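First the structure, then my questions, so here it is.
Chain nomenclature is as follows: A, B, C and D, assigned in order of appearance, with residue numbering initiated at 1 for each chain independently.
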Amino acid sequence: MIETPAIRPPLTQIPREVCCAQDYEWLAPNFIGEAAHAYVAGGCGPELTLAANRAAFEQTAILPRMLVDVTGGHTGLELFGCHLPHPVLLAPVAYQTLVHPLGEVETARGAAATDSCLVVSTLAGRTLEEVAAQAGDKRWFQLYFQPRRADTANLLSRAEAAGYKALIVTLDTAIKTPSLRAQRAGFAMPRQVVAASLADYPIPPQRLLERGQSLVFQGAMAEAPTWDDLAWLLGETRLPVIVKGVLRPADAQRLKAMGVAGLVVSNHGGRALDGAPASLRLLPAIRAAVGAGYPLLLDSGIRSGSDVFKGLALGADAVMVGRLQVYALAVAGALGVAHLLKLLRGELEVCMAQAGCATLADIGPDMIYH
Amino acid sequence: MIETPAIRPPLTQIPREVCCAQDYEWLAPNFIGEAAHAYVAGGCGPELTLAANRAAFEQTAILPRMLVDVTGGHTGLELFGCHLPHPVLLAPVAYQTLVHPLGEVETARGAAATDSCLVVSTLAGRTLEEVAAQAGDKRWFQLYFQPRRADTANLLSRAEAAGYKALIVTLDTAIKTPSLRAQRAGFAMPRQVVAASLADYPIPPQRLLERGQSLVFQGAMAEAPTWDDLAWLLGETRLPVIVKGVLRPADAQRLKAMGVAGLVVSNHGGRALDGAPASLRLLPAIRAAVGAGYPLLLDSGIRSGSDVFKGLALGADAVMVGRLQVYALAVAGALGVAHLLKLLRGELEVCMAQAGCATLADIGPDMIYH
Amino acid sequence: MIETPAIRPPLTQIPREVCCAQDYEWLAPNFIGEAAHAYVAGGCGPELTLAANRAAFEQTAILPRMLVDVTGGHTGLELFGCHLPHPVLLAPVAYQTLVHPLGEVETARGAAATDSCLVVSTLAGRTLEEVAAQAGDKRWFQLYFQPRRADTANLLSRAEAAGYKALIVTLDTAIKTPSLRAQRAGFAMPRQVVAASLADYPIPPQRLLERGQSLVFQGAMAEAPTWDDLAWLLGETRLPVIVKGVLRPADAQRLKAMGVAGLVVSNHGGRALDGAPASLRLLPAIRAAVGAGYPLLLDSGIRSGSDVFKGLALGADAVMVGRLQVYALAVAGALGVAHLLKLLRGELEVCMAQAGCATLADIGPDMIYH
Amino acid sequence: MIETPAIRPPLTQIPREVCCAQDYEWLAPNFIGEAAHAYVAGGCGPELTLAANRAAFEQTAILPRMLVDVTGGHTGLELFGCHLPHPVLLAPVAYQTLVHPLGEVETARGAAATDSCLVVSTLAGRTLEEVAAQAGDKRWFQLYFQPRRADTANLLSRAEAAGYKALIVTLDTAIKTPSLRAQRAGFAMPRQVVAASLADYPIPPQRLLERGQSLVFQGAMAEAPTWDDLAWLLGETRLPVIVKGVLRPADAQRLKAMGVAGLVVSNHGGRALDGAPASLRLLPAIRAAVGAGYPLLLDSGIRSGSDVFKGLALGADAVMVGRLQVYALAVAGALGVAHLLKLLRGELEVCMAQAGCATLADIGPDMIYH
């Protein structure tokens, strides 16, 4: 990690300065090299979507109920047949060895310590088997389609074999706008940070383009998944398949109709399409499109328990945190991740208590002020 | 007050620099230690609600009437059978000994000097009897439900015995999001600053939680008041009971229906639920819900006489000031509080005269520009 | 002018740095003492209205017409039987001797040099007769009702005798919120700066208030004009009477119905009621209330020829400039005022040419983009 | 170029710092003298329109489609019978010798290298014949009406003779509000920077105005084109005539009806009418006015491929870039211009791929989030 050295090694105790979940965001730059931090924190392009995500939460207000008896309250939920003690999942984040020497293995320990659901990325810095060995039983695998179907199928089998309980297929980043912030900071992925789970798959031969062909359309996108690929995938596994990266209500309906088990409404934290709207803004329309009872998750912009509350009120069943997870990992390893999750759950509980909601089912759209 | 020393002792005269009520806000940091100031000035969480309160006033515009004869004008009103010379009440603010050695006793003198209505907090730094001894006859008591009903009932009796004329029950802070600003400033309540009126009540035994129970739902909220508790309270006293902390029109209707005498539309000055909307924004809907003639007060964000005007125009009968009160107390004790109230009343009179409203009854919704 | 010394004496030539009318605003602080500048530039209270005035112009966009033949174009108009070469009037501004030793006499010379309409304030630093002697024939007198009707009537006679062609009665400042900016800058009106036209009227005896009476309602407002006073005034003069300070459509209708000759939609440049909306925002509703053909003027916030255009498009027949006038006077005396008017007229002509409007009659509401 | 010296000569290679098209904007000040940069970057007046252009793009969000097969994708289009490989044209920009010694000749080489469509200004620093000699076959000529019809006709013949394929007539700048930014920076056009194509036309005799006539209406605007002039022009050439500078839907309809071949919706990059709305905002209404299939171009504010996408989604067939072109020319001459165009096309392709649009025809209004 020569190019982007961590300024301080991860702490072995919870930092005193952390008063709330978002404080990990402010502390992290002390523990991540500047260029790597730009890579983690930045969004694509001029970061319009990154800013829109935060603005959407800040502009959403909660209208509390008074005097409700919440002594029977809890934050638990059932999701794909599994009981989760709280609705905050660890989003799949690639290359966590960039910010912590042990990477996702450490994240998994933090998740296990709090009985939280962990989603491991195809691009994890540690193999999916290594991570599974340290994870609790609430673990899902995030799948990126590989250039060769055989490799995708193999990943799938490995994930099933390693006890992952659900599959999140990310479909919003067939091609990415690079992060200008990272580029300007001179970021390059350090050599030792690799997608460990993919190490044994052959690198597909470089595609030769004819004159006049586009690096994008005939190049990168030649390997991008389509509706047919997704249909194939649904036939390959008995795990519930969740699609991540949905913003368009019509897409949501089609995905549900073809047998997808649930969706993650997401703009990839402002890291995919430069100029996409805030995920939170689309949530009500997507909930309306898929109807009640169909599992919807949200990510992109969550920094606090009240953000979680707002996401649930506008239609999500659960939410995922990406950057906060990385920040906590960088600051204090597994301990930081566990602490972060405890803080978020606690903040959600306080928000629910203040708003008069004893359970997640009570957090409906009428809790939002218009 | 070692941890948070006051930088200057309170003045014994009105400071020349004060041109308007809000100037006490700018002066106060010279008279309150930095950490204590952060505690007073800060809101909960990232202070979205604190900012929303001010924005709501700033975005509300007054449409004046011309050439109205206001020579018979005044700011008086009847409230719960009592004549008030003006509609600005001193909100219940806890622990005023934090900013002035004599605390609420001094505030009471300032209120009495201007014949203003004072609301004394359950968490006052001086006992309710000490404060009553220095207060004018326009004094109300603010009640927090105590862990033990007997203590609540005892507080009630003491308040009645001490001549308090009405009861404000605060119901929006069973649990609080801490002020990050205060935490970051290292604030801790100094040892000598205590809730004097509660000193003789036994501290209830610590509640032991079982494994898996929540510090929030089964912990703190186990003692939070519910609709039943409020019903009990209404049966315990002949004083008018006013509920403070209402934001939801449906709650307002239910409170009125069960016999509550009036409401304070409030988000606790941005100190309760992080993310609640501005109190001012909800006022018209709550007035519509309870109908004309039912007493409504407003707090949260008032800094000037024209803010008072805006609150009245949008549906309030009177308003309460919290932080300004504390700032004036810190700057110049009773004199400061009296001066503040005189300024606010004067600013309101000027605003009414400019807008062509001779009495509070003339300040209707059509005075607001849409 | 000891308390607020002018930093530089007025120039005797047009400053090179002035590229547009608003540049006089940026230059003025070099020619006006700091405290006096705060008095001129500031608005009342926290300056919400001052800011709203500018925001309203900035948020209004002009939708141009193409290819229109404007070679017969001009900016002339008829107003109260008088031909004006352009629709920018000099608003009545008090105490101009504060910024220039010769005060309004110099302003009058600038107006005369450009054949512009000048409105002289009751509170001018030079007598209305002195100013009339230097003014062109397009001069109006601005009237403040005096405490004694006899004095008001005398002022009226003097104005008629001195050849003023119309009367603007200002009715939005019976009482003023002071300018905090000026107070904070330590501004006090220098002793030698006086309302010269009022020098011979006796100061009315101070009104003694009874205990419990208000300095505002029974004090200052006892002398404030009412509908009856205005009716009396209309019977006292054959000059057209224009009312300044109208914001409320219903007031506008009533004023028209009682025989007032025209109105100035104005919030006194943010110097009267703290919290009033931008004058520009009310203009369309007031035009709708009084109908086509009834003279409407606008002031408050105009800084450029395109601001003039916007005011005309939204319903005004002409506009008035206050602060710009004072700035130009301070910078370069009569020359500055004349230059300012020439710039504003030129900017308006350019804007009209660009927008495809040959005459003021072409500048209708459909020139504004919604 | 003494008055506004270029700080660094143009590079002879692509600068490494450029990660995206807009980076040329940040680099340019190192290659253009301060005053000249103010002239290029500034808008007219207080730059309200300049800011509105950018705000419109930033506030427009793209709603992507998922899983679309775009492997057959491309950015090509037919425009006026000519195939363009991508929809980004080089806008006509005057006086490019101000920022590069070879001026438009160098720009033409950059366009030719990327097979992009170039529009050469009447006010080019190099003659239209010189530029044509270096340009590719996709070249259009931008026409300003000349004071004498004969000269306009001569320009037309020369453009046709030099192989220009279409004519863009700019009609929004018969008269310009000067750029305050440029004036304040002391900008004056250097003597050697001239409108080379006009060098041989006699300067028309100065128009003598009578007393009372306006420099604008009877002066500058006497030579401004009108509907009649445009009708004459349409009869003079067989080239397709495109009108640039349209903002008003009714004007668009009339232009189409009279035989104009296409329109450029434009506010001249905020350099024409101070206060005009953002071009992008008017695009949907103008598309609605002219109907589908009629060629519409857009300029004013485009800085990235996703801005191009937004323009196409809201109704444009293609877009033009002005300032970016100048910046790239200043930084690295023909190489910079070619690189800029390649970047913009690449950014557009990435945006299309991410949004699920294989061809420009797929980029409809439903790609925009409301």
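One rule holds in what follows: contacts are C-beta pairs under 8 Å (C-beta built on N, C-alpha and C of every residue); 3 or more make two chains touch, one makes a residue touch a chain.
Only a predicted model underlies this, so the values are computations on that prediction, with no experimental measurement involved.
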| item | value |
| --- | --- |
| Chain whose mean Cα position lies farthest from chain A | C |
| Fraction-based call for chain D against chain C, same above half, different below | different |
| Chain centre separation in whole Å, for chain C relative to chain B (CA means) | 42 |
| Whole-Å gap separating chain B and chain D, where each centre is the average of the chain's CA atoms | 60 |
| Of all residues in chain D, those that touch chain A in their complex | 19-20, 22, 58, 60-75, 304, 306, 309-310, 346-347, 349-355, 358, 369 |
| Residues of chain B touching chain A in the complex | 45-46, 48-49, 52, 171-172, 174-178, 180, 183-184, 214-218, 220-222, 224-227, 229-230, 243, 245-248, 251, 255, 272-277, 281-282 |
